[in-house]
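Shared chain: chain A. Partners: chain B in the first complex, chain C in the second.
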Partner chain A sequence: MSTAARSLARSLPRHLARRPAPLRASAPRPAPSIPAHTTSIRHGGTLPDRSASFTKPTEDHLKVIRGFLSSPTSLLSTIDGSASADDLAVYNDDWMNKYHGKGPIVVKPKTTEELSNVMKYCYDNNLAVVPQGGNTGLVGGSNPVHDEIILSTSNLNQIRSFDPVSGVLVADAGVILETADHYLAEQGFIFPLDLGAKGSCQIGGNVATNAGGLRLLRWGSLHGSVLGLEAVLPDGTIWNGLSTLRKDNTGFDLKQLFIGSEGTIGVITAISILCPRRPTAMNVAVFSLPSYEAVQKVFSEAKGSLGEILSAFEFWDKQSFSLVKHHMEEHLGGERKVFETEGEFYCLIETAGSNAEHDEEKLSNLLEHLMSNEMVLDGVLAQDQTQFSSLWSFRELLPEASGKAGSVYKYDLSVPVGKMYSLVERIRERLHQAGLLEGDGKKEGPIRAVIGYGHMGDGNLHINIVADKYKEEYEKVIEPYIYEIVAENNGSISAEHGLGVMKAPYIGYSKNDTSVEMMRKIKQIFDPKGLLNPYKYIV
Partner chain B sequence: MSTAARSLARSLPRHLARRPAPLRASAPRPAPSIPAHTTSIRHGGTLPDRSASFTKPTEDHLKVIRGFLSSPTSLLSTIDGSASADDLAVYNDDWMNKYHGKGPIVVKPKTTEELSNVMKYCYDNNLAVVPQGGNTGLVGGSNPVHDEIILSTSNLNQIRSFDPVSGVLVADAGVILETADHYLAEQGFIFPLDLGAKGSCQIGGNVATNAGGLRLLRWGSLHGSVLGLEAVLPDGTIWNGLSTLRKDNTGFDLKQLFIGSEGTIGVITAISILCPRRPTAMNVAVFSLPSYEAVQKVFSEAKGSLGEILSAFEFWDKQSFSLVKHHMEEHLGGERKVFETEGEFYCLIETAGSNAEHDEEKLSNLLEHLMSNEMVLDGVLAQDQTQFSSLWSFRELLPEASGKAGSVYKYDLSVPVGKMYSLVERIRERLHQAGLLEGDGKKEGPIRAVIGYGHMGDGNLHINIVADKYKEEYEKVIEPYIYEIVAENNGSISAEHGLGVMKAPYIGYSKNDTSVEMMRKIKQIFDPKGLLNPYKYIV
Partner chain C sequence: MRPTLPSLINVLVPVKRSIDYAVKIRIASDGKGVDTNVKHSMNPFDEIAVEEAIRLREKDPKLVTSITALSIGPAKAVDTIRTALAMGADSGIHITVPDNTVVEPISVAHAIKKVIEKNKYELVIMGKQAIDDDSGSTGGMLAGMLNWGQASFASKLQVGQEGKVQVTREIDGGLEVLEGKLPMIVTTDLRLNGENSYPLPAVAKRTLSADPTDSSEPRYASLPNIMKAKKKKIETLKPEDLGLDFTPRLETVSVSEPAKRTGGGKVENVDELVAKLKEAALL
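Here is the complex of A and B:
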């Protein structure tokens, strides 16, 4: 951090630079229990068996499917030798190399009609299909579990139209998020979603998984910004719901069912989305704070002072900061002394607006208020683009930093903001009681760190548990306990990553029987044969 | 308009105060046709017959239902003499006195459990039910068509909780919108929806009809802001989907189906909604413009310059302005000379932000830009709260002003912004060709005016056709022609009013067969007996 960026730290009154008071020990908590309404839950990580009702894909099927495609390169298969198993690995395996499908056929149609013909044939012949976008998911949702045909949207990659008056973009599902955003940037607009995986993920997949990302706080959920969809239903029917209208109250809003359906009721082939003007001014500041209560207070103050220009509010705990500082020092060298006074917690505030001068004034007023009222211990404000990225890196390097520190159990949870951090404390307490986490800091236990960080503005908490290795003993201490305490707090066991194959068995921790029953009925009317993305989501 | 409010008009360069060029005559258009995918459409305004499969409500039913209710005043009926037909008229008739139900029983449960018991009993006994909120709808959606039991949410009227950190409000369905907003105002927050009917409409009804309103441009659709719902399903099951989480990717987002379902798959009993901080600064300006193209350009400029503080962009045509000026002069006296130069069109721009000084500067910059670049003919900017209301009244008095001028055929349409105004021109042309609308301005025809106005920012157009009287001959010239030209433009025949009983037969103009078929299947899984709000929506 440069001298300029540290100006705020230096200007901090001395009496603020005190050692933060230790967190009060949590009161003893009742034993966790699964709510009465919870559905039965299948524990453990074993994958479901192959369904006997699905046809095994053969060379005959492959020939027919090839006939639907305008280009020979749109079909790759180990069956006819047009591809090796290695060629198909990038489709069968997820990017973390955690899930490994055995799909022998990859189809990449170039038009919605081609895709529709393939789907119709598969439906008529009981061939199971897994839709795949950029394959950047974290729950094994877009990889085959067994020998499902992989239907990739990669070749559906055209921008169809953009209207600069309404800000409505219509584009094929396979357009890469970053490509769409670059296209919009040239016209002064922004795609209302931003993700770490933006260089690889596809906008169709983003919608199918209801991606959240870094600036949901500002641009809202895709349920609000997506205006229409085109999708191919399991039986091959092309559903044209590609409205560009902002308001349309004529019947059930069907597109909403597809947003976050994870490819189980249809394959999204195009989207229509409302894009805001691109902010012309952006600022970022990071603070150290004495407690989680202080983080909440600052969040509230930031919403009040920054109002319409607040675009992100992220937080992380001192354990996170310690890991990321260590990681930076190892890789970039030199001691990282960022704050005169470090804290129990840190938060990052970003603004995005249309007038740099106004935004800076608003942010300065907030900083002054926070410091003069001793709501934060210390703070740094980025003075240029390099510092902007540098401050964001404390947050963005967290997954990498914890990955370097050991084998990481990752959880993506949603809980009411007020209760959010208590989950991290309870996990620590449980691991401590089990003798896995040393509490005195003098001796390293098998669990090296439990860190909590996330999108405070969205109530989205990431817990990373860094262990010396992956071990069933540790997992049993963590799961299903972690899902139980989420359920106790009426939270979500998957805030933004979805269910996929990983969390499908655990839906009962976040949804009651009535909900799951409704979902099963909806799946049934769209896909009575259960051919589309089987073994996942609602099982 | 006071002198202060007219300062902008006075400062307008003289050369701008020219007479606007006449609109170019539209090129001849092809004969309208219903798109091939359109479902069969039942024309005419006759109501559907009573379904023989529904049980007729009797005194025996009434006694059982009374047993479910904690208060004797929660049931009103003409059957047992606890109410007169007049007492029930406010429930049976809509507020415009256009729809007249014959429901003999009104039930107003005080708790979700009471409501659930009533629904279960009705379901088991094949008694049809119509849910009703504030009864402020425009399409007969909340009134009985025949003898359905009226289930009012008026007694479910408690705020359940509000969290000032997350901004999440949880409240009963029967809370009046204005009451909810006043409650939030005290805490510095705002309900993310504003409507003319806010003093009567209920938040449950708002969600059930996916209400749009005046500031959708700023706060977005309810599909984005509603976080959770509690609803009683047709068979009496209480569905608890009252999540307060901003992110939750665990299965289909079921609440989305209920938003805009118009009480056909369940009765919403409580909502959870994300509320923004209340803006502390608001401004409004009105401009006269030479053409619809100019309105579009100004809209684009306003989005660019005002960015995050633009909260409304409304427009109306000179015919609208003429009607409203006449109405004001008749009722308030004195000539209304607002603009030095009047225009073919007018637009209203509102800003809402967190810093008055910043907002005024942004707006001033925009005004200067618009005027120096001759993008507008003239403009007025409100200098105080009275002028703020006064400028809004040019827009808000339009429905009243047209009502005073004759019998009004009202249409609420959604079309892409670029094509919006051509619909008004085509309707005028058609009425002119039919000899109903005089074009030379010398003689008054039976159609006195065709005015176009609406929420430009949302692509939502209101067309009011002011006739000397309601006459089948006029209606036949207008309908279904108006729906046909909406369909030609991939528009919506109901932007925000919903389908109800009025537009249910016409859904095929806005939704294709595939969509309607999916909707029928969804209705079927929730309400296989078709008992809830029958004869409406999807028929």
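Here is the complex of A and C:
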């Protein structure tokens, strides 16, 4: 999410900020009747109680921690009054304003050594710690659940080196994604990851969550592009795994454990990543289509005729289009008309290559084919950079548009492409039956909109259910039903957003007991005390 | 100058292929120009001109009988003409020059004059300036050569019966309204395509201007129109065909970046700021 949008969200008066239903302990729900994979299912809306094995942070702890830090501004706390609760809200609250931690201490070390010293001290004194990057996560994974100490990578913000021959970038974990990309652009390279939050998210966090983003189709996953990591382990040990080698088969590939580990087995402090040459020719076209089947056909066609130059294929439904247009009218001064003929679905095709004529010819052939065979209702091709950005904004602004329209229940699912949209239809049906949704949604709610969009190229669907407020009643209708229908299709309940605190209880819907047990063992090896990012991920 | 009928205006829209508005400009290695190996697209002011011509026709289909897009440029300039055709222009004229040729405004004006003499046009709508050279002189020179009336920096254009034209111009003090008669030259400013138009795209708005009432939005090129445009005629001419000589009269001696601002230091945090202020005896 852009920093401008975040500060807009921050300026909401507290009494208007949405709060979840009061937390209370509840008995674990019985396991679902689909194949029994799971551990205790905990209703998502209730958060686990504070563990008695963690020490409560005090002023004494604060004094020692301060001793490790070179700069006094690296430490903020309500315990000694160096900060107020409001100052810490930006660290304690998540981007969606759904999760609100009560962490009294924020530490922002300036070097890996400082971070290691703080981590070691916390470990020796049984102080729970939650690592935090840009705090743009969508599953409450980077905020304290109770009073965990927030360990922020924000001040680890140096680009260490870049090799223009191999394209290998070595940088600190706290470098903002957009900053890294701008640096690379100067050299003619591109960061192999792009997502809506690029103005605020940090690359360490991106790696820790194995972020997917808008161009996974083209650049692949971080599991493939990250070459090495430097991380601080829960006991404070600094692990230097910062290789810049493209090929190195000497032992277990440890970095793969950390990629996507969501800060539970170590805090990533630096990464080395292989960056591709920046494409010099980019094109984007958006289409309106009559049905989901039509979108799939166009996707097939596009892959076939564009081949290696296809760099993104996104789709969204008419409800999404309606929501984002409304958002643009209300908050961004409106947007020029795109389509003469609107449709039930929309898709965006982007091409990226090194030769403009070659790409334009391929794209032109595809467009002609789509039009003459009536595979699309209407379409628009960007004629300049400004139009390129405008057309992308219809897709990129969807999360922001939802957030502004109400309290969002966000789901990020992976199922076979053919089945993707049926999930949206089923959840709408369920909300209709529960009497919460009327038609496509009403302004007053309870449910204002249910929108489906996503990275069709990766089989990844995002469902946003926009409600008038976060309410346990709504949550009970949606969860675990939505996870059940995903499991029915052998899908993933979290394609790219991760587990965090929101989906940790539901891992059983996507992973069997053997797998979960192996994961627990790994966590035990690195963090026997369980104090690094507790209550989340593998519980 | 010949009398014009109240309807059936032929509109000529010169369009220039220039470096894309969003590209970051870099000085060329020889220091005599800018790096042109970057994305090019239609000059934004010309895009507004094309849009305006199409809107004139949409407002009164009996008024405009044809819209012709004209470009003087290298082979790739044909893409710019195609964009105009995809927006709704009827046909194109491409005067070709070798790649990397600089065609000066006076030569452009001569060329447009020859085209007007060859075919007949009553109204020329063109951008007030090109964003690469910012000369802003072609429109005025052309009007002088043809001895036609001109209205520059137009933010509103109305063409009525009997060739009467009313143009609202943006000037330093505010807005000026001019009245004239066809044939005429009108050069476009940002706020043309105003009233009935769609506002600037959200993304461009945030970068281009702080004023949310800034408007002017050329339409997207729709697929059906892009397909139709492929069948529209583009006449290709060489400068010699029109008896034109584009030999430049000016020589660019050097191009350099503005001097970097010096002074000012960055501080890491408030404490450092306080320390520096104390050092400078300001605290």
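We take it that the second predicted complex is superposed on the first by the 441 of 539 C-alpha atoms of A that agree within 3 Å, B and C clash if a C-alpha of one lies under 4 Å from a C-alpha of the other, contacts with A are read in each partner's own complex, and residues count from 1 in each chain.
Keep in mind that, in the parts below, a residue touches a chain if its C-beta (ideal position, glycine included) is under 8 Å from a C-beta of that chain, and two chains touch if they have at least 3 such contacts.
The structure presented is a predicted model; accordingly, all values stated were derived computationally and were not measured.
Participant: May I ask you to decide whether A:S70 touches chain B, chain C, both, or neither, giving the answer as first, second, both or neither?
Facilitator: A:S70: touches no partner chain.
Participant: Tell me the contact category for A:V338 with respect to chain B and chain C: first, second, both or neither.
Facilitator: second
Participant: Mind working out whether A:S53 is in touch with chain B, chain C, both or neither, as first, second, both or neither?
Facilitator: A:S53 sits against neither chain B nor chain C.
Participant: More residues of chain A are touched by which partner: chain B or chain C?
Facilitator: So, of the two partners, B touches more residues of chain A.
Participant: Classify the contacts of A:I309 with the two partner chains as first (chain B alone), second (chain C alone), both, or neither.
Facilitator: first
Participant: Based on the superposed arrangement, let me know which partner A:N373 touches: chain B (first), chain C (second), both, or neither?
Facilitator: Neither chain B nor chain C is touched by A:N373.
Participant: Could you tell me which stretches of chain A are touched by chain B in one complex and by chain C in the other?
Facilitator: 280
Participant: State the interface residues of chain C toward chain A in the complex, per the touch definition above.
Facilitator: So the residues of chain C in touch with chain A come to 20-23, 39, 41-42, 44, 47, 83, 86, 197-206, 212, 217, 219-224, 226-227, 268-271.
Participant: Mind listing the chain B positions that touch chain A in their complex?
Facilitator: Against chain A, the touching part of chain B is residues 37, 163-168, 188, 209-210, 212, 216, 220-221, 223-225, 233, 237-241, 243-254, 256-257, 259-261, 277, 279-280, 296, 299-300, 303-309, 353-355, 358, 361-362, 414-418, 455, 458-460, 490-499, 503, 507, 510-512, 514-516, 518-519, 521-522, 525-526, 537-538.
Participant: Within the complex, which stretch of chain A touches chain C?
Facilitator: 71-73, 280-281, 285, 287, 328, 332-340, 367-368, 370-372, 376, 378-387, 389-391, 393, 397
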